[in-house]
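Sharing a structure here in structure tokens format.
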């Protein structure tokens, strides 16, 4: 029961957390560029405005698909916290991203489609890691649920340093940050205009933003899983990691999809794969 | 029970013989419908009679002994292969068939063949029950679907000589062979049915009799005969060592000594049949046959025979080196074909790679063994049969409307063939979307692989992680194509009206099957799959997988909520001309202004990861790697005693 | 113009390592007003005597080739309707100039290696530098200048306008 | 009470037949010294996301339909700001043969930012005026 | 050769983060323009002799003058601020102010439908009493 | 084989200007690129019919808002040579200094745009922040940030005092130091190297065959630089053209970055060599109307610009033609775009430093 309450709390609070995170992100990014930047609540202003704007529908399937994207992001969090198997949550997480791809792809227009295909590529780059990470967490703790992992006496991160390293890299993809923001990003995304979201307007875009807030909160939850001594430790580590992401975002250019795929796969294979291999060899 | 199984084998054979003589569609159609209905009813009655209990042995009705009938049938088939091989100047297949026959004759004539207990010819347990349902229902639905498909197929390609009587005859013979295969307990009898399926697939692949398809047909024949040969040698080893020729005896526990060698050869047979690398190319070649053939080969027959045998053998090879090597052939195939599928543009080939990959998972599960992985294997077999059968039929339907198999030409399908697209969506969802069975199975496989000791467990999990993501990639590409929309003209709108009622009926039935199975996954797992999986490893009943019902409820609700949303959304106004095109003119037919004046239709091509993944190279690499592992497997089986 | 000798000359420039610097066309207007007392065109001193109305329009084309700080010209005069050969076989970049002169001056260029089909600029006035277009514009400019010097431009002088001017002041 | 519209005006910049002068000044507004993101302004580069269409340069024969398409693709409420002399009236090029005049020949302009080239400060003023116009339109549609 | 593990922009980004932003907070803090900057044309109706030189030389044709009516008008939206009119004005009636031209909205039309940014003057009529 | 068609432009965030390409893609490989322009074409050359030669300079300045000073200067130089005017020494030096400052401005602007195109927002911000200092210098000395209107046929309108010049030099040299750090980023950042290195390689032969000019040609190893001809007092300056041989996008960046430093040095030399004293003659007013024709060549930030002016003794010129550097470089760009990746297209387009309004006039 408590687990379900936690899950529902996640669904309610994650957008606030994610939105504030983006707000801080925009201020810190601006400061790193020598600018003042927008107010802290800017993401919420944007969200509110987008909800009020006219939504120009290019076709009727876009909206349900985006709602699916948001819904599955929330459901991933709900399931994760309410005690569902964490490996299964990685699959649901992927499903959510897939809905966004389909929403963009269904428009049948050049830029949206290119964005959708690139999003598929970044999914291809990041999904193996998330599955592997969850499997590794299960292996270390012998537990399969969020609460179980939190209650475990192992500090997961200590046994999974490679996974933590790879997480830093792969999280860049999910946070849509340079150098891996090939399908869309918060900055005007150049060769693909707005990438995935090119043909979305009004509330459609607001939903995408909302889903992104959920996604950020989910990543924070994943970090909590890795640093399972306490939620506070996990959140602090996540915030530090997020700061590093902002720093890297402001210190690199966007790289091409070929390198995105190669580098994340190599990182997943070398760091997390190697880590998992050691784990299996050492165990028992 | 025995008469029911005999009926299931004999009736389709008879029906096939009758259909061979019927050349008029007006007679054939009711005949196929009636015969199909009988088979469906018979398989359901069989299952109900069986009643979900533990495995039972039985013989032919009235205690008839097969005697030399088996040998006679084998001689007949061998001579057929020899004749047809010589007629086409292909000598490898006749040679292998003759060697195999030679072994059988030698065993028989030298009296080395042990007596076969006539009351233990057949074995029927929960796995046979599932297989009978798959063959009986899905296989028959495919036969019915072919009534519609083949009519349009021959209209679309008038150069191909219509031999529809042969085609339908073969479909039913195929079903008969499969029924026999999944219920056989006696290995020589199983080999006979095994060869029947080989022969049927050979004839079906070569149906169009073009040089190309004849080549592919012989490729399939060669590879499957190689498997049959291995099967035959395994029987010979067992027979000459005085072992029992009953499958149930062989799989009572972990095999050792000479048994392991025989089992390794049987595994080789299973791997050829389930088109694992290095034998994948025959199934890809089979894609040139009419789509119902592909549907049948992939969903309910042929390749399923291979994994069926492997699942049966799993208790014998689990935890042995042979088992791990088998597992790595399967999992390696899964990874390699998933990589190759990403670079493939022919939709049917993508489906074929997906099949090979899914079966690779089953092979992997069978190799590692253990109740959990048995559960996974069965789950994949069921879902794969439903979803892949549906997908091949749908692709066949699309192919007959749009005259293309290229997935690039499937774009805006949701606008052009809306109802067909919904069926395709259900099929694809069944293959890779979260609450549907295959994903549940993959998840369960990862959970089970976590308990595999040593480095191989880590490698298996890595393969699962990468393979699953690749699966999402290639299915996602196809989904994008299918889901996209634009305004279409009056003519294009009318195309869907020409889909035959046979196709509507069978495809809708399969789609409903996919959804129903997802909804009923828990009861089926608890009542049928788990007891079987535990029984196969002689373990006490327990809950195999702790799937929280709440999780499934939430996911299913979300998935089923989406169609409702789609219906709601479709009543809203929208503007298909309103896509971003850098400020150029656009219209609802997705035409935009071109640089040098005039207009261009929006043309979109999916990504094939050129420059990162080289499909043909990976395929060769996979073939070589898996061949190496396979040889190691056989050698280990033969040498390590 | 003789295209064979012309192209041979261009070919020599290319072999000599010259770059194509410019292809310029000038619409030579037959002098109609006395302000053209001095010959506008040194190349053709006879032209002022030609009666303007009957003369076919003339274009002066100059191909400029550069090498270091040197600049050399090939000059040709063609009449309206004449075609000029493309030099894009020697100078790959010539297509842009040639498409441009075709579109702006209406001179037909033969043998283009990249034909933009008259879609380079898509101007409002088709062939804006044709003799007729230039003449029409010159006439319009003259008329406007005349109007500006004689008539009050923004006519309405009324109480409201005065009020506005007072407000401004 | 400021609505979300006034706090988050996203702009789309289109260069009509401009000399680049105003374009780079529009871009300069995004840079650290002017930083219009202080007002929540984002340069979206995409009509579907934009609230304010900033057009620099005049209208020529060929970009009439482009500007119209962009304006059409922007979701309501939307505002057009003409930046620079050319966009306001055609400027020095008003008499050239290929120029039709200011942006108001093609789409309804709400705010005119004069100057050749318009200075970043003027553009910020223009955007602020544009926000007010946006607010008006929102009230009208609400 | 670029070392894949260095990110040379990081010091710059951190330095920016911990120092004051470079932003000039317009419109809250208005920076004075440089002397001699070209901004708005200012007209002194008192000294103008309506010689029309400014109108004739204006490359953008932004100035309209009518000698008969004593009328002088400028379209600020068309003016390109080239300073020619100021240079040619013999009476020094025109000056260039360094302040930018103000922004206009659609509503800024004159009483007779003059376009936004239109400014006009008529020669002041001497008060009868003077 | 089915292909993707991407409508690149006219409105596209990569380029503030409307360049139009139909990109035919497979995966993201550009198999064909069909270009067109014409969205900025104003008919500027025809303005000679409407505007007298004395004011035509203001029109010519507005060919392009980035190298506005150079266009104004080129026009005045052309008219001066037709009318046989030798401008005062101080004016010539001032022109040279402004020209080099505008080169720095243009290159900084371009570096920023380039950085933005490959997704390095911070670098864009940083380059443009430096550029604002240059704009301040311009506004202080000419009265305009973008359009300077300081040239006049026969000289320049405004002077810079010696103290002002000294201050500007100090300011520029400080900027140069700051810029060195930015250049270090461009040179050593691995992600930039990935996006630019080896991308869009234009060999020396190809560059010569399609008549490239400016930094584009110099990055491919062609030492073309119109300043070498020594006109406009460049003969009194010691400098070497910046030449790179790699011919890729990174080389084009490096050439421009080195040119920024070189320009600062040229300005230093000019300030040292120019005659001191604040009350020198700045212009000579030519008399009468021009007659005759001239070709003038100048080295703009983007490369060689060529003006053709033909005057017929009236107040209105008979023909004015500007061949801008981008016009000469577009064929090379089209050549490079084919066969590149979609993600490289912005980099290739931007590294030619396109100015479409120059090209179309």
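Points to keep in mind about this one:
As written, the chain order gives the labels A, B, C, D, E and F, with residue 1 at the start of each chain.
The working rule: a contact is a pair of C-beta atoms (placed from the backbone, for glycine too) under 8 Å apart; a residue touches a chain by one contact, two chains touch by 3 or more.
If you're wondering where the values come from, they're calculated on a predicted model, not measured in any experiment.
Taking the mean Cα position of each chain as its centre, B sits at the greatest distance from chain C. The leading chain pair by number of C-beta pairs in contact is A-B. Chain centres here are C-alpha means, and the one lying farthest from chain D is B. In terms of their C-alpha centroids, the spacing between chain C and chain E amounts to 35 Å.
Distance from the chain B centre to the chain F centre is 65 Å, each centre being the mean of its Cα atoms.
In whole angstrom, the spacing between the mean C-alpha positions of chain B and chain E is 78.
A straight line joining the Cα centres of chain B and chain C is 73 Å long. Along chain B, residues 578, 580-584, 595-596, 602, 604, 607, 609, 611 each make contact with two or more other chains. Residues of chain F in contact with at least two other chains: 4-5, 7, 10-13, 28, 35-36, 38, 41, 43, 46, 50, 58-59, 62, 120, 122-123, 125-126, 129, 144, 147, 189, 192, 194. Chain contacts: chain C has residues 116, 119, 121-123, 128, 137 touching two or more partner chains. Listing the residues of chain B that touch chain F in their complex gives 406, 408-409, 581-584, 592-596, 600, 602-605, 607-611.
Interface residues of chain E, counted against chain F in their complex, comprise 1-9, 12-13, 22, 33-34, 36-38, 57-59, 80-84, 96. Chain D makes touch with chain C in their complex at residues 60-62, 97-98, 100.
Residue ranges of chain D in contact with chain F, taken from their complex: 12-28, 31-33, 43-47, 57-58, 60, 62-63, 66, 70, 92-93, 95-99, 116-117, 119. By the touch criterion stated above, chain F contacts chain E in their complex at residues 51-52, 54-56, 58-59, 62, 120, 122-123, 126, 129, 136, 139-140, 143-144, 147, 149, 158, 181-182, 184-185, 187-190, 192-194, 197.
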